[in-house]
Amino acid sequence: MLKFSEQQEQLRKVVRDFVEKEIATIASKIDQEDTCPVELLRMTAQLGYNGVFVPECYQGVGLGYTERAIILEEIARHSAGFALALMTHHLGVYAILTWGNEEQKQKYLPKLCSGSIAGLAVTEPGGGSDFAGMKSTGELVDGYWVLNGRKCFITNSHCADINIVVVRTGEDEKGRPRMSVFVIDENTPGCKPGRKEKKTGLKGSDMGDVILDNVKVPASNLIGKPGDGAKIGLGTISEVGRSGMAAIGLGILRACLEDSVKFAKERIIYGRPLAKLTNIQFIIAQNRTDYEAGRLLTYNAVGIKDAGLPCVPEISIAKYFTTEAAINTAKRTIDLMGGYGVICDYPVDRYLRDAVASIPSGGTSYVMQIIIAGSALS
Amino acid sequence: MKINGEIWIVAEQVKGNLKEVSYELLGKAKELAVKDGFPVTAVVMGSGIGALPADLIAHGADKVILIDAPRLLLYQNDIYALVLENLIRKYSPGIVLFSASYSCSELSATVGAKLRTGVAAHSIDLYYNEQGELVQVVPAFGGRVLGEIFCPLTRPIIASIKPGVFKKQAKDTARQGEIIEEPAAGLEHYQSPLKAVTVVQEHLSGVPLEDAEIVLAGGWGVGSAEVWQLLEKLAQSLHGAVGCTRPALDEGWAKGEHELIGVSGKTIRPKVYIGFGISGATHHVVGIKDSGVVINVNNDPNSPVFQISDYGVAADVKELLPKLLEKIEEAK
Amino acid sequence: MNIAVCVKPVPDPKFYDKITINPETKLLERNKIPMAINPSDKNAIEAAMRLKELLGAKVILISMAPPEAKEVLKEGLAMGIDEAYLLSDRAFAGADTYATAKTLAAGLNKIGLFDLILTGSESVDGGTSHVPSQLGEMMGMPHLNHVMAVETEGDILKIKTKIENGYMLYEGLPPMVLGVSKEINTPRYVSLMGVVKAQGKPFTVWGLNDLQLNADDVGLAGSLTQPGSLRTPPIDRKVEMLDGDIEEKAEKILKILYAAGVLN
């Protein structure tokens, strides 16, 4: 049985209070304006959300990935777009926390816990899932690294204070590209946002290009060793990125479930609530089942991560399931609402767009299936 | 325990003017007096208020106890409570009714504690049941639930009454009544630990919400201060008043708390109520349920607000308001 | 400075439209509704925290509630309160405002001396707003309710209370009981760190035997008012939807106004 601790239950409650007052009320505005509400990210920082899994010695809260998933689920229940901005910030935080040296942790984590926003830039026009096709470069010149290239589809591209980028820094003895990770401080010349994309959904988190134009960073900004890039990039995305997306999918599932129940009870048709019709009950049953299944998969997976055990297959399963289920559930909820489902006064059309946009974020369902199958067949 | 004493009402006055609720309390007390046969007594406290007893008699008081003393110029809970405590101990009334305004409900609770007797809060109905007990009906859970309150063992029974719920009697200047002047007993040796420094009260313009024949109430769905302006305009051209829900007040569109309708605000009974962009939460609806015709405009055709309406209009407030204004101007 | 905040756990007001009365038992069906801290009590907690930050203070919260309320009260600790006292006993059930105030007073007197006792101005469930005044009487302290602002000037407290369409200003010295209303401040959101720290703060539970009270001073037995039956007021009407385009809808409304005699 999935059971949260008293502290986790309390945490969910206080997060929900915050989300209902500060985020739910502006969720459709966030979606329409499609710019990241940066001031909201500064508020969540004050409440500890931005550094929830960072130890107290770096001014974090010292909790884990289960608590992070609770926060993301609660936020995504009302605004999956904003949840994505926070979840991506966590990726930058995680990379430094896990692979940074003590000095880097002391320097960056307190800032990132208290309001500075992080982004993680991996993907390039040449490919997302294909690491080897990466063209951005880092060259060591006079003891400084000079970074050049263009990253695309980067969340928080236009609002991140601190960017963490993966670039190519040479080749290994077998001629394979060698990737390395750098942290770029605020206001470093040459690092700037480029084009901003218009997404189908998950609007309200900025997504676009990060341009590296002769960006000069000190050698001390290298995270891990030269060549650790693939490990850090993939490690961050596969565990923290995808578990975050699973939690966001879960939030969308809950939104659909709650809204479908509310509508079915309130809408009167032929003198009776819609909920009295059997086919409507089927939709409600399916929505509920998908939500429950997603909940078990997601919290099971992050529980494994919190236990410090290998968790990539479980996280991939959770991400695959919740995001796909979110699409189906949102579609069913639209069907349930009939005409109201597609008018923009109801948020369901947003849920569907958010669900669709959450498939590629952190790796598509095909990539998830390859990982899952790989683990099953190994 | 039977009621075995007079019915008192504590009249509420501000700067020498009686508040409407004082007459409403008299109206209810008269009704109760028909059943129990006791005279209705009004207590009025203040400074320089010698003209008020006649007005209270004209509105139904058989007796008025007047306490006119300089120290009673400004309402102050501890001082008023002490004087009332002594007065009640002297006369032993059976029932004492207060207004449920901020100050008088505070006063009722304080006096109740001093006399160690039960106090029913914000009552919306009072009647004798078949056993001859006084039933006090009070709202709870924001008006969602009404509960009966009894005060079986101690006297007097104290209740505060929500303004706007009871009807006052027609004024009859020919009515006769007895006026008793009492000193502010208990204050001789009393030094208050509190000092009332000032009272600030706004003067409100326009038709008061509770007197308007037509009330236009706006909710969160009005959406902006600009659209709210249209609502104000429409109210003006209809000689009506504007009311609001809690969110519209919190947004700062409505002029102030005096426009709030519902459990935490006013109870109104206009001939026509039109709600714009209101979802029909019980907290609001309890304040309008006795209105004549209830119309609601909401862009959600399934809004629960229509369940409490005589007429429902599924429309966007932003579009309907200008149309209504236009039509009404044409009609003039 | 020693401050006590009286906190009442109430069924979460977000769900009041769902409260119904069981037609057979005539009791409230509210079992599915989660508990929350009474809204204006959060303002009282916030006011206490601000005084603490400004002047330094030890702040405790006290509540008379069933044992399940413990979780809800922890939210007060998470907001920054130092210690919690829960007065809980079967004998306390069914208390009216007088018995509630009496029980709270006994608890407060047992804990120690206070410079300020803060309460909310009214609860959202019972909603009498009587407890602040009655508690003040029983503690033998000056008291004011519907407080919209408190400032300190040396030892003097300057207090603004709400009246219809305005306010009054008072001055006085502690100790005092103040019932604060929502205008006084905006309660802070609980931080995650607050949640974590709350778990380790002292939490005392006292029953009837711990207080200097008899069973007939408290609960229903000690109450001066007694509840009768409950009902939900009928508010539904039979609706007729006005159809047509916006033009026609406006015209139809006008017709209704003519018919009701408010337009001629």
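Per-chain numbering from 1; labels A, B and C assigned in written order.
Rule of thumb we're sticking to: a residue touches a chain if its C-beta (ideal position, glycine included) is under 8 Å from a C-beta of that chain, and two chains touch if they have at least 3 such contacts.
From a predicted model like this one, the values you see are computed outputs, not experimental measurements.
Taking the mean of each chain's C-alpha atoms as its centre, the chain lying closest to the overall protein C-alpha centroid is C.
Of all chain pairs, the one joined by the greatest number of contacting C-beta pairs is B-C.
Between chain B and chain C, the centres computed from C-alpha atoms are 22 Å apart. Separating the CA-averaged centres of chain A and chain B is a span of 53 Å.
A straight line joining the Cα centres of chain A and chain C is 39 Å long. If you check the complex, the residues on chain A that touch chain B are 263, 266-268, 340, 345.
Chain contact summary for the complex, chain A toward chain C: residues 6-7, 9-11, 13-14, 17-18, 21-22, 46-49, 52, 61-63, 67. By the touch criterion stated above, chain B contacts chain C in their complex at residues 74-78, 101-103, 105-106, 108-110, 112-114, 116-122, 135, 138-154, 192-202, 204, 213-214, 238, 240, 256-258, 263, 271-272, 274, 281-283, 285-286, 289, 292-295, 301, 306-315, 319-320, 323-324, 326-328, 331. Contact residues of chain B toward chain A in the complex are 299-300, 302, 304. Every residue of chain C that touches chain A in the complex is listed here, in rising order: 71, 74-75, 78, 189-196, 198-199.
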